[in-house]
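What follows is chain A paired twice: with chain B in the first complex and chain C in the second.
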Partner chain A sequence: MEWINAVVQGLLLGGLFALFATGLSLAFGVMRFVNLAHGDLAILGAFLAVSTTASMDINPFISLLVVVPIMTALGYALQRFVFNRTIGEDPLPSILVTFGLGVVLQNLLLERYSADSRGLDAGALETSSLTINDDIAVGWFPVVILVTALVVLIGLHLFLRRTRLGRAFRATSDAPATARLMGIDDRNIYAVVMAIAFATVAVAGVFLGIRQTFGPTDGPAQLVFGFEAVVIGGLGSLWGTLLGGLILGVAQTVGNQIDADFGFLSGPLYGHLIFLGVLAFRPTGLLGSRSRS
Partner chain B sequence: MSLLEVSGLVAGYGDFQALFDIDLDVDEGETLAVIGANGAGKTTLLRTVAGLVRAWSGEIRFDGTDLLSVSAHRRVREGIAMVPEGRQLFPSLNVRENLQVGAYSRRPGAWIVPRVLDVFPLLEPLMDRPADVLSGGEQQAAAIGRALMTNPRLILLDEASLGLAPVVVKQVYNALPSITEAGTTVLVVEQDISQALAVADRVLCLLEGRVSLEGSPSELERSQITAAYFDLEGRSDQHGGLEGRSDGHGGPD
Partner chain C sequence: MSEYRISRSTPESTVGLIGAAVAVLVLATLPWWDSDGSLQTPLIVVLYYLALAQMWNLLAGFAGLVSVGQQMFVGIGIYTMLQVAEVIGLDPFLAVPVAGMVAAVLSLPVAAFAFRLKGGYFAIGTWVVAEVLRLLVTESGTHLRGGDVRSLTRDSLGGYSLEMRTNLTYWLALALAAGATAIVVFALRSRLGLALRAIRDNESGARGLGVDVTRTKLIVWVVAAFWTGCTGAVILLNTNSATAASAFSVLRWTALVIFIAVIGGVGSTTGAIIGVLVYWFLDEQLEDAENWRFIILGAIAAVMALVAPRGFYGLLQRWRPLQFFPVRRRLVKRDSVGEPT
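Let's look at the complex of A and B:
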């Protein structure tokens, strides 16, 4: 039963990984853009929630109504005025720019909030749980996270498949120059993509902040999990990102169980091992079959 | 007034100049074929009109408005569509979605999916297939259909028959009258001279980035065209005649 519990808890943890990695996956899928500041942006979202919950005396969930629009606007503006200048054949400029942005964000957060660890208090929801049987109880909050991740990913999927703008996203991803010949402003598409990526990472950041304590320099460690989820699932595939997040979550909790029972390697290492295994044996990821030129 | 007026157009890629002082006019409803050898600048000319290549100097006027500072995606809204060389369908979209993307700019007009299917019935059973599994001819039909979905006043057709079987080329050109009937102006780049002469109201020959000949098919002698195409009059002696042209002029054509 412990093992089933570990798997269930892992799936719930995977929801957070998937939600966090969605923005990375989307930005890479549409514009081959690698955002090294993604983890720091999640932390920025969490700190914005710290400020709004404190100043407006509201629940962190309500603070999303403030944090998400701010982050969305920031994403659009950054892409439009900064990141778009780095997009091209060479991936290096975008990597350098986002690396730099990450450093700047960390220092700004240190300056503004100090190096102390913070947490977001979501009240009773944080600790209440649903007892399934004697051995398995699931927390309501992890369920909320997983459901949110599913809603976001299914919503994005439908948006990409069914809407005019979604088709424009996919066309631009295939061939930006040809998309321009269809009247699509690829630069604007990229900005909208980044706005969506920032919105999702803001939600993930606030959820992260409710789940655990965080500090201004925690971003890069989060980024590793995000990249692992994206790579395990398959670069640029949204369902792959969901699958990658869930696998990573299960690997960690089952790994913790192995560690507890046999004292062999700590939890997160199992996730890293799966990541390395996928890179070695299936570099396109589990669902990433489409090879691109 | 001409729909498209190009004057003194100079353009190229990086340090490479592909077009030298090009003048050309296309009237509304007319079909103009641009012919020329590989590297003559035909594709560059089309790409510059579409806005994918920036003009170095000169003028491109469309229905009287200057286009030089207008970006490619806005030119589509003005009514310029291009079928790029190699068709360039979006591979991860199916045929229907490729056509729908053509309608992205919501330019009003008569071209809707059913009308495209009237012109290219061969697309009907392929609508739900991914675009990258189509044959060359099917791709060309879909690419022309996609461009028509933008409801263009001017359609730029690059290398309409390149790489297609003769029977397919015939199908593609059979569709041309139903495009021009609607008043749409056609600027087609064609390697096959007889094909160009058969469909065009006027033919323009490019040679090393310059206009070497222009006229209507009825008034042009075959020998004149051959001379303009292959530089038999020695217009570019500075390059050392025929041999000298084999290198250094490999523009993306």
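Let's look at the complex of A and C:
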């Protein structure tokens, strides 16, 4: 029964990974852009929530109303004025700029907030849980995370499939030059994509902060999990990203259970091993079919 | 006789090579004239950063392999050194090439995974592998004791006085820096260098011309792993102790190295030297403010990547096309008189 519990908890944890990975997946899908600062931006979101909750004396969930708009605007501006200049055949400039940004962010956060671990207190929701039976209790908050991830992904799916702007996204993804000929401003599309990516990663960062303690240097670990979810699911597929996140979550919690029972390697390592296994045997990912560029 | 010939040397490259040789010789005698060690102590660090930067430059600037996981080879070098010197009992200075070899051997399975990814995903992929290795070393329990601080003990260093040990470490760092520069220069002058440039300019085009792209990249990858592993061993000789976290630190062994290479100029041998001098200058100014060192270097590197993708060396070249290392082939018109065939 504890194994079933591990799987259930893993699926819930997977929701958080999927939420982290959504922005990465979207940015890669539409503009082949890999943001190495993605994890640090999640942590930035969490710290912004720390400051807003403290100064305005509000619940972290309410602070999303402040944090998400700030991050969305930041994402739009960064893409419009900085990242767009790095898009091209050569991936080096975008890697260098986003990696530099990540390291700078990490160290600015260290200067501003010190290296201490922080947490966000969400009150009763954080601790209350739904008891299913003696062995399985599902925390309400992890359920909220998973539902949020599902809502975000379904929303994005409908947006891409059903709206005019979504069609412009897909057109730009398939053939930027042709899309430009049809009157689509691809630079603006890219900026909107990054704005959405920043919004989702900000939500993920704040949720991470409520779920566990975090510090300024935790970004790269989050980037790695998000990236693994994207690759496991398959590049350019949003449903693949969800599936990848869930698999990664289950691998970690079941791994922790193996560690607890047999004392062999900690949870995150099992997630990494699954990732390496997918890379070795199915490099296009589970749901990916498009060739990787 | 054709009217043109192919030349690689330029007037300034002759000066450059002689200058480099003199610099290495002068630096090699440093322990005799820098008696208080005020130059030697920072130079050891500067030299091993130069070695790391040249190797990253070779990977990213010439082979298109933008690795963010070079810390894995530093870490492998450090832990090989600890095992070989402490457990097996080999002389630590002789263990340096062993560290390189272990890194080179382990780089092959890493390539089997990472080479499946391209561009930015290759970068994160190497990072993940480095992270996995760090976790494995941390959790290896009594085998590698990655969770504890491990040091080179008096036993394994017993034969050397402190002064002798510092001098040997310094000479090794100098040899690694000069050797790394020489490797890049000679690699670029060889057939491999031509293949690398062809790949860099147009990968499918190079493949069409018969260049074995994967093999070429793999050679560069393994050479860089070997040299980075040796550098890791020398880093341990200098710092003396390490944990898995410090040995596999992405900030110290990859981020700083990338910043140095980018500020100086990706894709040029001189660039890494310029970059490491900038690093040295800033390091002296900032002393112990480690956060600010990363903030300033990271910001300069990011801005450089946007406005001057070829770094300070590229800016210099815009002013005068100077070529300090004879690696580029040029067509030169033969002199009308007295040019030998």
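Couple of notes before you dig in:
In this text, the second predicted complex is superposed on the first by the 291 of 293 C-alpha atoms of A that agree within 3 Å, B and C clash if a C-alpha of one lies under 4 Å from a C-alpha of the other, contacts with A are read in each partner's own complex, and residues count from 1 in each chain.
In this section, contacts are C-beta pairs under 8 Å (C-beta built on N, C-alpha and C of every residue); 3 or more make two chains touch, one makes a residue touch a chain.
The structure displayed is predicted, hence computed values, not measured ones.
In the overlay built on the shared chain, the residue A:A124 is in contact with neither chain B nor chain C. Of the two partner chains, chain B is the only one that A:G183 touches; chain C does not reach it. When the two structures are aligned on the shared chain, A:A175 is found in touch with chain B, with no touch to chain C.
In the superposed model, A:L96 lies in contact with chain C only, and not with chain B. By the touch criterion stated above, A:L108 is placed in contact with chain C alone, chain B being left untouched.
In the superposition on chain A, contact of A:R164 is made with chain B only, not with chain C.
Taking chain A as the reference chain, the count of touched residues is higher for C when chain B and chain C are set side by side. Only residues 50-52, 71-74, 76-77, 81-82, 84, 88, 90-93, 97, 100-102, 104-105, 107, 146-147, 150 of chain B touch chain A when the two sit together in their complex.
Looking at the complex, you find that chain A touches chain C at residues 28, 32-34, 36, 82, 85-86, 91-97, 99-101, 103-104, 106-108, 110-111, 220-221, 223-224, 227-228, 231, 235, 265-266, 268-269, 272-273, 275-276, 279-280, 283, 292-293.
Across the interface of their complex, chain B is touched by residues 164, 167-168, 170-171, 173-175, 177-186, 290 of chain A.
If you check the complex, the residues on chain C that touch chain A are 60, 66, 68, 112-113, 116-121, 123-125, 127-129, 131-132, 135-136, 139, 250-251, 255, 258-259, 262, 266, 291-292, 294-295, 298-299, 301-302, 305-306, 309.
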